[in-house]
Amino acid sequence: MNTKELTKGIWAENPIFVIMLGCCPALAVSTSLANAFGMGIAATFVLLGSNLIISLIRASVPDKIRIPVYIVVIATFVTMIDKFMAAFTPALSASLGIFIPLIVVNCIILGRAEAFANKNTPQDSILDAIGMGLGFTIALAMIAVFREVLGDGKFFGIPVPLIKDDPCLLMIMAPGGFFVFGLLMAWKKHLAAGGAK
Amino acid sequence: MNDLIQTGKYLLIISAIAGLLLAFTEMVTAPRIAENNRLVLEKARREVLPGAERFDTLDLATTDDAGHPATRSLSLGFDAQGKFLGTVQTVSPKGYGGPIDIVLGLKPDGAVSGVKIQSMRETPGLGTKLAEGFLDKFLEVARAGHPVKFFVKKDGGDIDAITAATISSRAFCKGIRDGIKVVQEGQTLIQQRAAAPGATPLPGPATTPVAPSPAPAPAPAPVVPPAPSVPPAPPADPESPPPAPTVAPEPPAPPLPPAIPQGGGQ
Amino acid sequence: MSADLFSIFIIAIFIENFVLNQILGICPFVGVSNRVDSAVGMGLAVTFVMVLAGVVTWSIQNLFLAPFHLEYLQTLSFILVIASLVQFVEMVIRKTVPSLYQALGVYLPLITTNCAVLGVALLNVRKGYGLVESAVNSLGGGLGFFFALLLMAGIRERLEVAEVPVAMRGAPITFITAGLLAIAFYGFAGLA
Amino acid sequence: MATVTAIFSAILLMGALGFVFGAILSYASQKFAVTVDPRIETAISLLPGANCGGCGFPGCAGLATAIVEKGVPIATCPVLTAAARAKLSLALGLADAGPTTPLVATVMCNGLPAEEYRKFEYTGIVDCQAAVLVANGPWLCPHRCVGLGSCVKACPFGAMTLGENRLPIIDKEKCTACGKCVKACPKAIIKLVDKEKTVHVKCNSPEKGPDVRKVCKVGCIGCQLCKKVCAYDAIIIENNLARIDYSKCVQCGACVAKCPQKTIIMQGVPDFKARKAFIDEPACVGCTLCFKVCKFQAVEGGTPKEKHRIISAKCVGCGACVAKCPKKCIILKPID
């Protein structure tokens, strides 16, 4: 059970900051910590399932229709989760409901399927999925902290004293997402470069 | 050539399996989802029209934004003693990110008794403020009694919009105005139905039972009481059988259920 | 009728620009915008896929899904259509313009998961557009993406020779620029 | 009953869609089949894949097609190591007549005093080609390295960084001598040189001595002292500029010590001191070989069987005698 597969996804090869996949939901959804965790957990769950299935069927897929087959697997998996959650856990679905359809178009899932799952064993694929999922959630949470506190004047829903009366709305809107994302990535590169000048 | 068949066959199998899986999940989950939605709506209706115990549905013909004829089903709320409390309906104006489903309660005199947002897809953090501060302020103004102009301040109304989310605020007000218009137009019918609170609701315009078919959106009842001017709306869905009038203590069929948050339905 | 179409077209390109306003399709937007020629290639490929996908998904929705009440198959069938279209486009480009195929690299298959393409398809259904309206909206969406990508590529080529702090080089400065572009695009919102 | 038809219609629809698209894709894959010669595929996989363009072809794929179809020699790829080249020639069954000595890019400019000799403050586009358009660069010396890093940007292997005085520093291990930096430099200061050699003339200016002194403290003034002191005549003076013939140079350092302008340097030995030969008297057997080989008559002796001694004033430290002495009793020592 080599843990490298697991830990690489969390920080070293963080899906958002390093491989730069899955930025669409990251920017669109990271307006509050609750959303961020919701999206993160949902994405991790789907990534786990799809990586497993794809690594199981990878041998038999003719290369010409590799992408359509993977996408059908992912879409089926996502829709099933969405429906089952809506039916059996209505409360959870109310909060996570809008994220699930977004996951189908999350580049990480197909990215990892294409780059990893169709070349490695199911065990490694599961580890990779967990690592990538956690990395995705952490990155999302980091972005969401800034955007929620600055843009919405709240932290996890609790109003923050100073900012709550006139928060900078730009942070919540699209440009804010871009700025926070860019700055965080620069900070990560700065760290990765050993804190050089 | 055989490669063509071979690949086609492979994708056919995969897609067919996918179709089967989804159909299976749909079959298992659709009724429960409809049930969940109905419960949520039920709670919303009670919340919006305090004190209402029993609801009667009445379908009114109206025209939607593009002028095409459409039916709007109203629920007439009666308290335990059968007194007519007001009407509840779901309006779905088009907001910034898609339809905003609002459950609107109106008192007999047209004042707003209560409003609740069922589902919306507005930009998180901005449009979603409709459900937070905006709603309470809106209710204060609406319940103030004096005739309220349901327009955003910018358009000369009494409602102050959410900053940077004027589109959502305008859509919200439009939904309210639309609801009030429907009730005013159908005022005669409502009075007629409200006038006979004691008796069990007239058998006439009963509702369709929850059709067993997995279709998530059961078609609204095609029959509308023979109002002089308004032509009955053509049955939208040929497939569902004409509803046998069933009298149940509390008509189970929900009015046009709100769009499932995931955005299916017309 | 055509006035309505024109307004859909303009809204799709400027006001509800898929990349800068609705934050969809960021992965290829950042990945391929380092050079103008690969940006043009990607923009055209995405627009082509979007328009075709818009038309095909509309027909599937209205000919198959709605009448048979199979709305739950919506996401699945749409994404299958888009994936096959992208694979088709990939083969065509590989045969006809190999250099563009090399330049786009991994980002060509990633058009499949490009949120913008599926976004357009679902938006067409949610807004209840007709066939022509869907086609126009998809074309507008595609050109909006293409327009944003071109702007970005032009700026990034100049960034190559500008003095950028070490940590900001590459993706971070791209995102900051995209943020500024998004603010600029808000100017168009007044057009609605 | 209705549910069964629903499931059936779902399967039917998805199955039909799947089949239609599967068929279209496989038809397209035949119609648009790209016939790729398998040998080109192997060539691409064995080439370094950096697409640096050092070979003059559009990337490794371009070179691979040229090798397989047009018979271009494998050696045109400067980046390939000898081992990789052998493997490739084996895989393709082609001859491997590649250059044996690995090369490395070296910057032939020392431009030490950056601020003193600056013509103007350049704040335009950060690119050497662009800066050169403005009055031939911001430095007094027209041949000085512009220092805006076009070469650093051109290097696909990340082997170059801008050091102090804005002069590029080249990492010998990473540099694959692909030549991209040589082409990128508007002043043609970077040259591909034998990797082992460490002594270089760090100047590129053919101006006359007095003109060079006006614009640079460490420029070559063409005084020819280095040429005189070199025992292996490895230095050629062309229009006031010394140039080292690397095939002859043994890096004895004599020229480095002699050069009054400190233009010639030995890499890795910043303050190189002049060295003199010393004979270990008891071990000397008087074979007179050192006397014969010394070009500078710095050896006192010549009669066989007598002890020889070095005249340190004349000795330049070229090390010729050290190599020749059969008893290995001559050593070179820096004098302080």
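Chains: A, B, C and D, in written order; residue numbering restarts at 1 for each.
Assume a contact is a pair of C-beta atoms (placed from the backbone, for glycine too) under 8 Å apart; a residue touches a chain by one contact, two chains touch by 3 or more.
Note that the coordinates shown come from a computational prediction; the quantities given were computed from them, not determined experimentally.
For chain A, the chain whose average C-alpha position is most distant is D. The distance from the centre of chain A to the centre of chain C, with each centre set as the mean of the Cα atoms, comes to 21 Å. Chain B and chain C have centres, each the mean of its CA atoms, that are 34 Å apart. The centroid of the Cα atoms in chain B and the matching centroid in chain D are 76 Å apart. Separating the CA-averaged centres of chain A and chain B is a span of 34 Å.
In chain A, the residues that touch at least two other chains are 64-65, 68, 72, 75-76, 79, 83, 101, 173. Residue positions 6, 10, 13-14, 17-18, 21-22, 25-26, 29 of chain D each touch two or more of the other chains. In chain B, the residues that touch at least two other chains are 6-7, 10-11, 14-15, 18-19, 22, 25-26, 213-214. If touching chains are joined by edges, the resulting network of the protein chains shown connects every chain directly with every other.
Contact residues on chain C toward chain B in their complex (touch as defined above): 69, 71-74, 76, 80, 122, 125-128. Residue ranges on chain C touching chain D, taken from their complex, read 60, 64-65, 68-70, 73, 76-77, 80-81, 84, 87-88, 91-92, 94-96, 98-99, 102, 160-163. Here chain D touches chain C in the complex through residues 6, 9-10, 13-14, 17-18, 21, 24-25, 28-29, 32-34, 58-59, 61, 125-127, 130, 153, going by the rule given at the top.
Interface residues of chain B facing chain A in the complex, by the touch rule stated above, are 6-7, 10-11, 14-15, 18, 21-22, 25-26, 28-29, 32-33, 36, 40, 121, 123-126, 163-164, 260-262. Touching chain A in their complex are the following residues of chain C: 20-27, 30-31, 72, 75-76, 79-80, 82-84, 86-87, 109-110, 112-115, 118-119, 122, 165-176, 178-180, 182-183, 186.
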